[in-house]
Amino acid sequence: MDEIQNRKLHHIRLALDPRVDFKDHCSEIYREIQLVHQALPGLDFDEVDVKQVFLGYRLEAPIMITGMTGGHPSLVSINKMLATLAEKKRVAIGVGSQRAIVKSNFSEDVVASYRIVRETARSVPVIGNIGLNTLRDIDTDTVIRLVEVIDADAIAIHLNPAQEVIQPEGDTRFSLDVMDKVKELIASLRKPVIIKEVGNGLSMETVRVFHNIGVKIYDTAGACGTNWALVETLRNQPGSSRYECGLKLSEWGIPTPLSVIETRYVAEDSFIIASGGVWDGFKAAVNIAIGADMVGVAKPILKNILDNGLERAEAYLDNYIFELKTAMFLSGARNIGELRSKPIILGQKIVNMMLQRGIDPHTYLNNTRRMK
Amino acid sequence: MDEIQNRKLHHIRLALDPRVDFKDHCSEIYREIQLVHQALPGLDFDEVDVKQVFLGYRLEAPIMITGMTGGHPSLVSINKMLATLAEKKRVAIGVGSQRAIVKSNFSEDVVASYRIVRETARSVPVIGNIGLNTLRDIDTDTVIRLVEVIDADAIAIHLNPAQEVIQPEGDTRFSLDVMDKVKELIASLRKPVIIKEVGNGLSMETVRVFHNIGVKIYDTAGACGTNWALVETLRNQPGSSRYECGLKLSEWGIPTPLSVIETRYVAEDSFIIASGGVWDGFKAAVNIAIGADMVGVAKPILKNILDNGLERAEAYLDNYIFELKTAMFLSGARNIGELRSKPIILGQKIVNMMLQRGIDPHTYLNNTRRMK
Amino acid sequence: MDEIQNRKLHHIRLALDPRVDFKDHCSEIYREIQLVHQALPGLDFDEVDVKQVFLGYRLEAPIMITGMTGGHPSLVSINKMLATLAEKKRVAIGVGSQRAIVKSNFSEDVVASYRIVRETARSVPVIGNIGLNTLRDIDTDTVIRLVEVIDADAIAIHLNPAQEVIQPEGDTRFSLDVMDKVKELIASLRKPVIIKEVGNGLSMETVRVFHNIGVKIYDTAGACGTNWALVETLRNQPGSSRYECGLKLSEWGIPTPLSVIETRYVAEDSFIIASGGVWDGFKAAVNIAIGADMVGVAKPILKNILDNGLERAEAYLDNYIFELKTAMFLSGARNIGELRSKPIILGQKIVNMMLQRGIDPHTYLNNTRRMK
Amino acid sequence: MDEIQNRKLHHIRLALDPRVDFKDHCSEIYREIQLVHQALPGLDFDEVDVKQVFLGYRLEAPIMITGMTGGHPSLVSINKMLATLAEKKRVAIGVGSQRAIVKSNFSEDVVASYRIVRETARSVPVIGNIGLNTLRDIDTDTVIRLVEVIDADAIAIHLNPAQEVIQPEGDTRFSLDVMDKVKELIASLRKPVIIKEVGNGLSMETVRVFHNIGVKIYDTAGACGTNWALVETLRNQPGSSRYECGLKLSEWGIPTPLSVIETRYVAEDSFIIASGGVWDGFKAAVNIAIGADMVGVAKPILKNILDNGLERAEAYLDNYIFELKTAMFLSGARNIGELRSKPIILGQKIVNMMLQRGIDPHTYLNNTRRMK
């Protein structure tokens, strides 16, 4: 096992540790965004339609299993289970960072640990994955090859500065020179580029930079679920700067629903995936109602698969979809589009947050969130 | 015992379980609606008049025991005690869902378990009860017969989508086709139709639909008392979709005082019954002050009767009325009408909620709530 | 011992019970009214002048021991200690309700238990005391005689509807006919009439009624200290209407600082005594800064005297005055008048409360509170 | 040991007691001032530049170890360690009150206990220190000599009325006559005068007085860290006025970030040191972002040195700087100046506080805080 593969395995184990989640999973901010119960929904439960089209595929539910793993033969079986699940439930799926492929110089068994996803999940979107700082060091053709070797429908570029700062061997280059590489990639790759965080959320300032050069898909990965700075903290020595600093990042970042709002505000025409602690169907409904097109889930899927097996993971997704449907039904929303125009009661705190960010809550609710 | 009767009995037992109440019974929102203490009330306590006219009857207190039971011979005695109480205290009373009558094809002993209410409570309004989804399946004449067999003064149609979703054998048809049936019923029945929830509250959108076709009486059954989604949850298997979803509905719905405000806002001319956790006289006073004409109480009456007997239930109502009178006296309100024009201090949270719902708090307090 | 005397003694014992205080003594609302620390006060601590003129007397501190007791020989010694304290510290003092004198037909030993106050406290204001409902039943000459027999400088009329409702033998007549009596008294008595509550606070509506007929002194007795409804609750049977209702009055009433604001708002030209849980010098400073001219203290003085003796009660007052001076010093206020014009940071909750009551917080802080 | 030296030693021991800190260190107000995470910082971590120029010195970090000690031979070693740290990390350092020098009539060994600071810390600013009330009693030449004997770059005048009131032997003269002395000092001393608190914060009113006569450096010493009124409380007898009053000052004062805002608001052109509980690099970042030029730290440095030695104190500072850099990096701020123009999300409470103090939050964030 080389260093990256090792780190991947270690990461997976650490990331399942409950200590590394954002505390309370943003329960306060979710209490600030309330759908309105309709005693007369005006539709039958069975009419509730959660289908969504993503990257040309018709999905059974507006859900993506976001990128987590790959890079080592021992990870093949995990990726296979994830892909089996995605294929069975007809939801989108991403692979973990493909940096290991680059490092291994496209060695066949490393590639295979990712390609298993497409091999297993033939009828749903498969998303490649690469870090912004890896992108910096490779040429565009290599990225294109990364997409091709796993037959991906798009590639997600992840931005993870908080993780890199705390990670012992972290790569903290986040200067803007890389933007030329991103532009080149957009121009050359015939598939869409997705910009994603890994758990601290996308801000409007960050989204604006990418929207200006044509990115049209965003995955918020907001600060409500897995906290990668905390994961990395545990890999440092107590007392060290990284350790002490990491602990203080325990609540750092943009909570998922706010990240959705900020992203929709500057990228009205884009496809937005709400992720970061969107771990049940009610949270999914709230994020979609407030402006997202789809949700992303990572940690609970992996945890279910590793702890309880594929069947429980499937049951988790079934429950998730039932909850989403129930939230939609009780709000009187027939489909994803309608959910985005149903009444919402915003609390004072999020109203204030929006105002502080220059977003008029009234205009946002009545127009912006319904865009696209 | 057939299936419905069985369910009724099971429901009753479950509904008395403290786990199925809305947490804290909306204490936060009640703290947001404060009557103002008057050191000089300007009246004698004995002058406080809580009488209210409802459906042509002069009631001693603006209270209704809302519909709970009926449908099985073993329930006759419960309904008789409830009716005895209503008659003695001169308050209104409703019967439980009359679906059992339909199912039994108007079998005499089933009918009798409801009719006992009118037989016992001759001087107060008796309200029939049918679910919106039952209404869907029967013709208008059958509904009229349901009213006649128990000699009811009105019929309440209950809307309970949250309950139906979680209920194992739930009927989740809530499309708008049924509105023609409701219109037909209004046109044919010579008695008023009441629209009620069962514990998740009426929203302005829902009330508007019925107000547009002429419904003039609403029972809010807001999300502060019995939570039927939770009741049904306990009848499912842990881990199942219905169970997991039901748990997440533990705070779902429109809190009673907000439901009163929303209802009054779109149905200014209507008679509004505030129910759902309105379990003491101070909460009653607040709901009336904010716009209701009467209050409804279900669970604590039944619980008192079953656990402690008729006498304790009567004492409960006596205390309730004494509390209501005290709240009115100390606010300087001589009667129900005056209570609706006494000063109220709204907290910031409910002010914000009203604004979010398009209701100007100032206009509401100074005009709307005093309508009718 | 007759019934009233008995009740007095029982009341005293109950009133010292910590269960009958308003919970947290309004700590939340006090956190909403903050004086601003001045690192450069601009004066020496020794220059801080807390003197106040009340009823023509020059007091050493703007404090009144408000009316508590009298009516029974065994109470003479308590009243003597209270008066000794008032005389020594040069603060104002009130006697308890003089109803016992009326009931006893001015019997000498009953009168003596009150007169001891004036006999002991010759250099400070002594205030008579009578309930509004007692006033109703006696003629004006009797009231004048009540003032004369104890050589009082003014008479306080207490309004206590919440107490009377819960009190087993309560007199709940609070109609407006009594206002003629009050007017007559104002016209005939050559001494001022004070309107006071006993612990649920004066509202602007109540103050307006008395201000319109010329009352110029108010004692708020707001809902932050002793809760008389709770005191009376404990004298009822658990389960009884009065008991159950009394418990629900545990937070009923207008908190002291809000009562001060409401009173100043409608009685700009009046002398306002802030009382009801004003139990330390910092709370005193806040109430004065927000609009009061003086503070009133009842329970902690009596408790200190009974539990710890006169010396400890004196130490309590010394500490109280030191705290008041410190609050003034650190706010840069040289005297009571200056304190009323020093900056205050109002929290959002009290700002909202004021707005709800029709009081513009800005105008209030910049003009109204500084009146008189 | 004379009395002052004794007090110094005692103070040091007491000040390390956790009971004398402001509770929760203003965690609530810090939650109200949030920097915005930037997934694309637009710079490399290594580019983050925390250098700051202060009094002509180029510091490695915008940090000052604020004045704590001196005056007794036994304190030489402490001051030497503090100075060693300052010199090594290239941060500014202040000495404790030089009153002991005055009292000792410039006795050589007393002076030496302060001069060790300059002798050890040759490449960073060294700040003299004197109380406003000491200044009152000595002539300007003596103050100039105080600066000269330790070769200071500036002198800090500390204002500590809360401490003096509670201190058993406190000097509570804070009248404005002293301002002539301050003016004279400014005119005669060729080095800058700094105005500082010691832990209750500078208000806009206080800053305005000094700004009007030309003071251009302020150290807020706000109410979030060490609470000197509490330190002094513990030196009094329980039950005494000073003790009881001191306890009630446990939350008295202006929280550090608000003090920074108030100071910047009236002294736009000045150099502002944010201190008072600014005990980690994230708090430092927030205070700088909201308007400060530098931060001050006292207690944790001393505590680390005394408890754990110089090395741990150095590690503390290293971690502090790493945290500051991380906060800046993740906010996309390249240097101190940029940090002051990065987006901030203000909570409702601090927005309200600013409005109450006459500061428009929008103008403040967009213009005022970026001044200088």
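Note that the chains are named A, B, C and D in the order they appear, and that numbering of residues resets to 1 at the start of each chain.
Keep in mind that, in the parts below, a residue touches a chain if its C-beta (ideal position, glycine included) is under 8 Å from a C-beta of that chain, and two chains touch if they have at least 3 such contacts.
Predicted, not measured: the structure shown is a model, and the values here were computed from it.
Between chain B and chain D, the least number of touch steps comes to 2. In this structure chain B contacts its sequence twin chain C using mostly different residue numbers, the overlap staying below half. Chain centres here are Cα means. That of chain A falls 62 Å from that of chain C.
Centroid to centroid, with C-alpha atoms defining each point, chain A and chain D lie 44 Å apart. Touching of two or more other chains is recorded for residues 348 of chain D.
If you draw each protein chain as a dot and join the dots that touch, you get one closed loop, with every dot joined to exactly two others. Applying the touch definition to every pair of chains gives A-B, A-D, B-C, C-D. For chain A in complex with chain B, the touching residues are 36-47, 280-282, 315, 318-319, 322-323, 326, 329-330, 332, 343-348, 351. Residues of chain D that touch chain C in their complex: 132, 159-162, 164-165, 172-176, 197, 200-203, 205-206, 209-210, 223, 239-242, 244-245, 248-249, 252-254, 348-349, 352-353, 356-357.
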